[in-house]
Structure formats: structure tokens, C-alpha cells
């Protein structure tokens, strides 16, 4: 299934302060998009626009796919891992995943949840409430949450934050898998996080 | 996982997931149940103290009942949205479920909360306040049911608005009151009619107003919710 | 003056007229000043 | 320019006509108003009170229409228009309440009686108050524009319910209301003589023009302000 992210003339203004303007790019399936820029250059803002949770002041970002359109639209195609994305802390890891499947309209499956938790090495803590998790464990669980619906686009904002060496290795293998399965979008300052990219959007020059 | 299920069923699953999430979180902490229960008990005892055994007219008692319910709703019904915003989970929800599923899930939660609140208040009111007599039970039950649905419907959309603003608690009654005033005036009048004794035919106009109010508020909220929910 | 003392209504009318004319002059001058500023900002850009 | 001059002349004439023309039981000439039982000399306030009340409603609708436009087009200028209209609406709403309260004191004996129309204007005042407290609570302009637009739409769809509710709950005191012994219907239709109507509608037009003028001034000033801030 061919998939493409296409953005044209994106501009974002908050209270008359221009964050960025004139952003245009396009990435196609089995490609990696790198969003680079210093702190405050609007990396997270661009990520939110791509995920469809923020309407840009001007321009548009579309996801074009020639496969069957999912009724949940963009939500069904995108998985996001980001520091500002929070988990429901009063529930356990299993409950969070189960809830995620329900919210996305899928019939929940414990096997899939166990498989995902195994993947991010959290299977042993699957019944513990997330409240007691360390920030690295939460970051791992966010990866499991983002992969629940096998998204064709995986968006990672600061992918390695709070992760130890084992966690970093897991994320690298997830990234490797995604770049063959669909589109991988990474927003980061640390270029050692990723092993090469196809398209780069640099926000430093985009005022 | 079967992504090819019909949209209606997937939407229903998402809506009930939003509702059940709040419901289970509530059962674990019992915050709303405890706090709102005590709120109702406290306000009713204040009314009892201030009446001091003096008989009050049906108008005053009908008004007081809805004053208790209004402020109880104002202290409890903003929580579902404000909590999402405070914990930063609003975006998690936004990324996964359609906006309409979030709205109807939250509305359902507030409807259940409102039903519990109304039941508790009416029972305590009927037991503790002597002058409060109901002559037309059917009409009274109808008015209280529709009234609590309308209260929850208007409170839910205003809660969604204030959760996105910076000041959360203080603004809530200020914004809700003008919206709820038509509903409150109607239910107070209908409650008075029910306690004086009336027929379904005589209270028919009140029911028409209540039903159309609920329909109008829910439809408008459904149409506008996406603008509030999305940044 | 005697005329005014007998017809208090005219005193009210004069006060109202005064308020209205004051408001009118104020709005008129405000309009002029805004027009001037608009012209200046158009020249700059 | 011509409109502004016309407005100046028109409202001046309205004020003079409203106060100077005598009210007599049997009008002899075209320059005399007939006496309306129950209102007498107090009828003169109609020429100022009704237009302010009319404008406070019109301003609210204007604000809502620009709010809807903002939601559709996301143009900050529409939000400036929406909030400017609401600001003027609040001003006219206060004027209508004040002139109404004075009239009520002399006609019905107290400043406030909770008559249906008094209650309606009170609700409108509450909505304006809520609208501006909501706006002041939000710092990000885009969010402020969206939320206040949504709120004004929700308010606008619930307010019409009062039209059905009021008559069931209270009797009206306003001239032309159901409780008026002299008959029901808007006061303009059945009690005003033709010459009163001329002055009344002239006043309505003059006040509307005044509103439009003040509205454009506010919008232009706000636009200048945003231009300056965008530059600096």
C-alpha cells in the first residue's frame, strides 16, 4: 500500500507570534522524514499538525493513501510517541492498551497487548498501575500504545528521551521495522538517534 | 483486530470506551461520589437550618431544590474534561477516538452522574423537608428526569469550554448560568405545579420546552464540539 | 431664563443635545485620526 | 462622509422632536403627539430606550455571525469584529437597562420588577458578562477567538427559549405586553400615532447608523493595533 505525507505552505502563528512559515515537503512510503530545529523552533507544533490535532494558521498537511480509507481517518494511520503525550496513570499497562484498542474502535485482544508489552520488555509489570512506573518505563509503554493499531505512519518526537541502553536498542529495532513498513517521522535534536533519512525539514530557517 | 467492522459499531465501541474509562477511574477514587454526596447533604442541611422549622411555600421549596441541583452540577460536572486537561491526557484521547465519540462518552458520564445526584437530592429533600409535598407524582418524576438530562447536557459543553480556558473552577457557574436559566425557570415552575397538583395536559407546555431544550443543546454541542476539542 | 425654569423638559433636551454633540465631535475626530494612521501605515508597508 | 453628516443632523432632529413636541390629549396639528394613557409625558423615553435595547440584541447577533465566520475561515479579523460588536453591545445593553430602570421607577414604582422584558435584558447582560470573562481568561488569541465564538453560538441558541417561557411564568408590565389592560401587541403598532412612528423609526435608523460607525471605528483601530504589533 503506497502512502504519502504531503504538506504545502504550512504556517503557524500563536498570538501574532510566527512559529514557522512556508513549510512544504512530501514523503512517500518506506521513507524517513527528519524534523530538525533548535528548541522553540516549532518541532512539536509541526508534529501536532501532522497528527491532525492542531489546525495550522495557513497551508495544509494531507495524508494520501491509495489503500482502503479507514473510517477513523488520520487517527487510524498515525501512531505518536511524544513527551507531551500522557498515559492514564491510574490504570495498569494492560488496561491502558485495552482502552486504546477500544477507543480506536477495535475489539480488544489480550494476546496483541501481551505481544506489544513483550516487545518493549514490560511484560512483567503489565498489571502494575502506570502511576508507579519510572519515566523510562512510561516511554516504553508509549511505544506499545503507538503500535496498537499497526500504524502506517509512526511519528516520534524525541524518540530516546528517558530511555536506557536496552530501551534505545528496542526503539532502534522498532524504527528499523517501520521504515520498511511505512513512513517514519522523527523530530529530534540528536542526529545520532536515527540511522539516516530521506527528507529533512529544517525549522531553523523557517521564520 | 478487525478494522473492517462497520463504522457505527466502531464508533459505539469508542464512545463506550470513553465512558467506561471515566466510570472505572471514578469507581477507583470515588472522588465525585464522596464529594458530591457530601455537597448535597451539606446544602440540604443548610436549607433545613435556615428554614428553622418554619413552613415554606411550594414556590420557595421548588426553587431551593433546583438551586441545590444547579450548584451540585457546577461542582461536579466539569471534572471529566478538566481532569483530561490537567493530566495532559486530552491529546492522548484526541489521537485515538473521534471527537464525537469523546463528546457523547463524556455526556453519558455526566448523565449518569446527574441521575445519581438528582436521585440522592430528591430523596433527601422529600424525607427531610416537611413542607415538600408532591401531589402529581408522574409529572414530578418526568420533570426531574428531563431536568437532570438538560442540566447534564448544558453543563457538559460548558465544561469542555472552561477546561480549555486558564481559570477552571470560578468561570464555570458564570458561563453556565445564562445557558441554564431557561431550563431552570421551566423546571422550577413545573416542580411547583407538580407539588400543587396538576395534570399531564396542564404541564404539557413545560415538557415541550424541556424536550426541545435538550434536543437543541445536544445538537449544537455535537456540531460545535470539534472546534473546542481540536487546538 | 424664566422660560427654562417653567419648562424643565427643555433643560433635559439641552443636556441630551449637549451629550450627543460632544459624542459626535469626539467620534468625528477619532475617525479622522484613525484615517491618518491608516494612511501612514499603508505608506510604510 | 455624507452618511456621517446625515447621522449628525438626523439624531439632532430626533432629540429635538422627541422632547420639544408637546403631548396633548387631542392633537390639533401634525406637530403634536397624542396622549397615550398610562404613559403620558413618559412616552418620550420610547424614542431612546427602545433603540438601545434593539441595538444590544443586534450587536449580539452581529458578534455571533462574525464568530461563525471566524470558525469557518480562521481569520483573526473576524474575531476582532466579533469582539468589537460584543463590546458595543454591552455598552448599549447597559444603556437600555439604565433607561429602562428609570422609566420603570416612574411608571411602575420601582427600578426593577422582573417583568419578562426586564428579565430578558438581564439575561443578555449576563451573557455579555460571561462572554467577556471567558475572553479575559484565555491568553492564546486563537484559542480565545474559537472558544468565545462557540460560547456566543450556544448562548444564542438557548436564549430564544425565553420567548416561550416568560409568558407562562410571569405577567408583563411593559406597554403592549399581555398584562396590559389596553390590549396586547407591540406598542409601535397600535398606540403610536403616525408622527410618533416617524420620529421612532428615524431614531431607530439613527441609532443603527451610530452603531455601525462606532463598530467600524473600533475594528479599524484594532486592525491598526495588530499591524503595529506584527511589525514590532
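The chains carry the letters A, B, C and D, assigned in the order they are written, with residues numbered from 1 in each.
The rule is simple: a contact is a pair of C-beta atoms (placed from the backbone, for glycine too) under 8 Å apart; a residue touches a chain by one contact, two chains touch by 3 or more.
None of the values given here were measured: they were computed from a predicted structure.
Q: When you average C-alpha coordinates per chain, which one falls nearest the overall C-alpha average? Tell me, please.
A: B
Q: So which one's got more C-beta contacts, B-D or C-D?
A: When C-D is set beside B-D, the one with more contacts is B-D.
Q: Please work out the Cα centroid separation of chain B and chain D, and write it as a whole number of Å.
A: From the centre of chain B to the centre of chain D is 33 Å.
Q: How big is the gap, in whole Å, between where the Cα atoms of chain C centre and where those of chain D centre?
A: The mean C-alpha positions of chain C and chain D differ by 20 Å.
Q: Chain A to chain B: how many Å between their CA centres?
A: 37
Q: Based only on mean CA positions, could you tell me how far chain A sits from chain C in angstrom?
A: Here the centre of chain C sits 61 Å away from the centre of chain A.
Q: Specify, in ascending order, the residues of chain B that touch 2 or more different other chains.
A: 231, in rising order.
Q: Enumerate the residues of chain A that touch no fewer than two other chains.
A: In chain A, residues 55 touch at least two other chains, as defined above.
Q: Scan chain C for residues touching two or more other chains and write them down.
A: none
Q: If we count contacts the way the header does, which residues on chain D are in touch with chain B in the complex?
A: Touching chain B: residues 71, 123, 126-127, 129-130, 133-134, 137-139, 143, 146-147, 149-151, 153-155, 157-159, 161-162, 164-165, 168-169 of chain D.
Q: Touching chain B in the complex: which residues of chain A?
A: 48, 51, 53-55, 70-72, 75-76, 78, 80, 84-91, 99-107, 109, 112, 145, 149
Q: Sort out for me which residues of chain C touch chain D in the complex.
A: Interface residues on the chain C side: 9-10, 12-13, 16-17, 20-21, 24, 27-28, 30-31, 34, 37-38, 41, 45.
Q: What residues on chain B touch chain A, complex-wise?
A: Chain B reaches chain A through residues 1-3, 5, 7, 9-11, 13-14, 16-18, 20-21, 24-25, 28-29, 87-89, 91-98, 101, 230-231.
Q: Enumerate the contact residues on chain A facing chain D in the complex.
A: 13-16, 55, 57
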